[in-house]
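Order of writing sets the chain letters: A, B and C. Residues in each chain are counted from 1.
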């Protein structure tokens, strides 16, 4: 009896890995921990589990700054996870060059990623030396101005239709005790707001020249001086924000304590969570209502090179699951981002998301600064703008000089 | 383990040294491989342009030039100096005064001591969070005082770039002075009773006895305390992150945070290592001569 | 200069014994006095004010953790809850989410225990032997290593991450519990060794000499004579290590894999997650729950703590 049950146990122990030849536990690390984000990840996990594999969740909160050193240490320490989130762009470049990441070209060719992924720049960001190393999952755009309809009603002015009207309405808002523009204390918020202003005021070409070509002269020139003037307005309007996190700033817009916020489309999730409706409760102005252009940054999954064959197979399964039309729809609706493939149906999208989809379809897109600049230049920019927004003694001219220096030294 | 009896009868000089050396292997390895090795490694790579991964592509002093041109680094250094000086002075003074009070044969000594020491059990993340909240102008002390009738009361150190570093100091002192008090109390308890008797007989006032007799006698405690406080000051990071994330703007940045941010967020290891090398040099200039005198060269029997 | 020498050779003096006795006996007065003198009022008055300053944050934390979110938004942070709710505590412990895992702090609690217990034991065992060797069995060069060790206490941890990742990788123990224990041992070593060295140097040397005459060796003296006399300093070391390791976040996540993630990882996730609104009550409950173990250790061993510090820190 004992022997038999032992044998049975042994059999199952041996049979399990054999029977499920293509199934494995795959640990996936990411920094999506807020309510909406976690719900979106759950969609990915569900879809992946349906392939017979198992998603082992390795979430680390505190945004990329906390999570990335852990991910990088794990990969370079020789104990990598099965897959990991990074932002599109250049964050994983060196890991790839060090031969630590897995080449996904096979999967990509088999599933025709080159044809389905729109805009193509997303896949370009994943491509190093002609090989594809990551699977993009969504598009996030930065260029949005979110306005609280209630705040403008209180102040007795119409809801602005573009940035200039917004600046003009600021005194009325202030008189009503409302902070015109909410800018949270996290450095990336100030830097991001500046980039958005640049696209809106100086236009797509200037943006490309500054961040794409790293043209120092343009960065020091009159076009950008205008942007700094606008940033100066924004700085004045943001006085009294007194919150750190971006979503707390969004919350000020939701509750009518602030007139507006320049923030990426992920802010939408917060409005949705608060039960607000686009158009009636809040207004969204892509490109600040000036230049309807959106950037196409976002998130992508990278796959460290693993020795275990089972897990390598599971990685392939995950990569193709991430780009599956059904997963794309389910994930992006929850995340508030746009799908990376143009052939999926997003009927459930709300007004603002539809505006974004339209702009995307028209091809009015630019690359995100994460794709154009190195993390190092991004950080320097963050330092500059977080200081600029908090300290009114820095003149726009001085700030522009420092900005041009950063661009001159950018790679 | 405790029942282990040693066979060797007469340990000779060599054997005695051998045993102590074997026992010290972990310490030697830690000191040499990790601390010394890690330091050298860091210094070497600070002369490279390593980005995400360490690479030996030397660029001379570029990283250092950039470092000392960066406004944020300058602010960080200045903040550390202010924070360090005040934290050192206040920790020592408050810790000592509290210890002196506790040493007056008071009742409920245990209770008081526990109350003062408990914050030390909480991590900096937690400390930062609590104080961020207490100092929040909308919820915290300011709003309470205002709602009590004093409308113009303003106390928002975390949102005022000029005084934000003091807001962090308040939290740091709350967390750390209890331990200093305990160290000082322990030191006071170590002072010979006769000193006090003699001072009384001579009619020396109490405060004078403390300053001119007792404190000089507590040299050892002060040194241990200094090591503990100073190493905490240099490394201050979590508290700033939890309380202000370096803000408003860059007003409360500190060097350790610069190091960490540039190593991992900016993925510019070279820059981070250059900053940490500067920190190490500063520490070394202050600590090494003292440590050597204290623990090394001045020994009578080696 | 001469007094440095004097202080460094305290091992020759027997005075510490008397001192230790007095520490055990507790406080003593300077002079007789009446119960309700102006002096007493000043002393107790000051101490009570100070105690209130220390207690205020704890009070606010506890009160907040017992309130519902609507009440928090309206009210005064110092006011006691109108309606007491334990929901934030339940949520923090059992249902707060970290990514897809919604089982709160409970998930990491046992991991924290699994990390803290062996790390504390190993780091103390090693540091105590180091301190003993430094105090009683000095050998050439020992002070040099010790100096390096003390300077090491000033290196920001973050800088050492990469070198340690490399060392652990080469040793083949990256990502294991063993690796993490080693890391905690390394970073606890400077302060602990300093404390143990000072403590052992403060013990009467006669004991040591007598044992040597009887033919006892390095380990015999350590286990038979030094250990039994060292309870207070072990308590101090234990408190410092339990606090430090339990509260550690960085090493816990960088040097292990998710199945070993300590409780602080969930705390970080709960506190730093960008939810719709910050749930201050859950944050505070999570904070108190995470701090509970070190706090408990303090309350239980507070008395021994001062005694141990007295013995370990006094001598430089």
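Here, a contact is a pair of C-beta atoms (placed from the backbone, for glycine too) under 8 Å apart; a residue touches a chain by one contact, two chains touch by 3 or more.
Since the structure is predicted, the reported quantities are computational estimates derived from the model, not experimental observations.
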{"item": "Pair joined by more contacting C-beta pairs (B-C or A-B)", "value": "B-C"}
{"item": "Chain whose Cα centroid lies at the greatest distance from that of subunit C", "value": "A"}
{"item": "Distance from subunit C to subunit A - Cα centre to Cα centre, in angstrom", "value": "40"}
{"item": "Subunit B and subunit C: spacing of chain centres that average the CA atoms, whole Å", "value": "14"}
{"item": "Subunit A and subunit B: spacing of chain centres that average the CA atoms, whole Å", "value": "38"}
{"item": "Touching two or more other chains - residue numbers and ranges from subunit B", "value": "263-264"}
{"item": "Multi-partner residues of subunit A (at least 2 other chains)", "value": "69, 76"}
{"item": "Contacts with two or more other chains, residues of subunit C listed in rising order", "value": "161-162, 268, 271"}
{"item": "Residues of subunit C that touch subunit A when the two form their complex", "value": "97-101, 161-162, 165, 168-169, 174-175, 253-255, 257-258, 265, 268-278"}
{"item": "Complex contact set, residues of subunit B against subunit A", "value": "51-53, 66, 70-72, 137-138, 156, 159, 161, 244-251, 261-268, 271"}
{"item": "Parts of subunit B lying in touch with subunit C, wherever the complex brings them together", "value": "1-2, 4-6, 8-11, 15-17, 19-21, 23-24, 26-28, 30-39, 41-42, 54, 98, 101-106, 109-110, 112-126, 129-131, 133-134, 139-140, 143-144, 147, 174, 178, 182-183, 185-187, 189-190, 192-193, 196, 200, 206, 218-221, 223-225, 227-228, 230-231, 234-235, 237, 256, 259-260, 263-264, 269, 272-273, 276, 279-280, 283-284, 287-288, 291-302"}
{"item": "Subunit A - residues contacting subunit B, complex", "value": "64-65, 68-69, 72, 76, 91, 93-95, 98, 185-187, 242, 244, 374-376, 378-380, 383, 386-391, 402, 409"}
{"item": "Subunit A residues touching subunit C - in the complex, by the definition given at the top", "value": "27, 29-30, 32-35, 38, 41-42, 45, 55-63, 66, 69-70, 73-74, 76-79, 245-248, 251, 270, 273-274"}
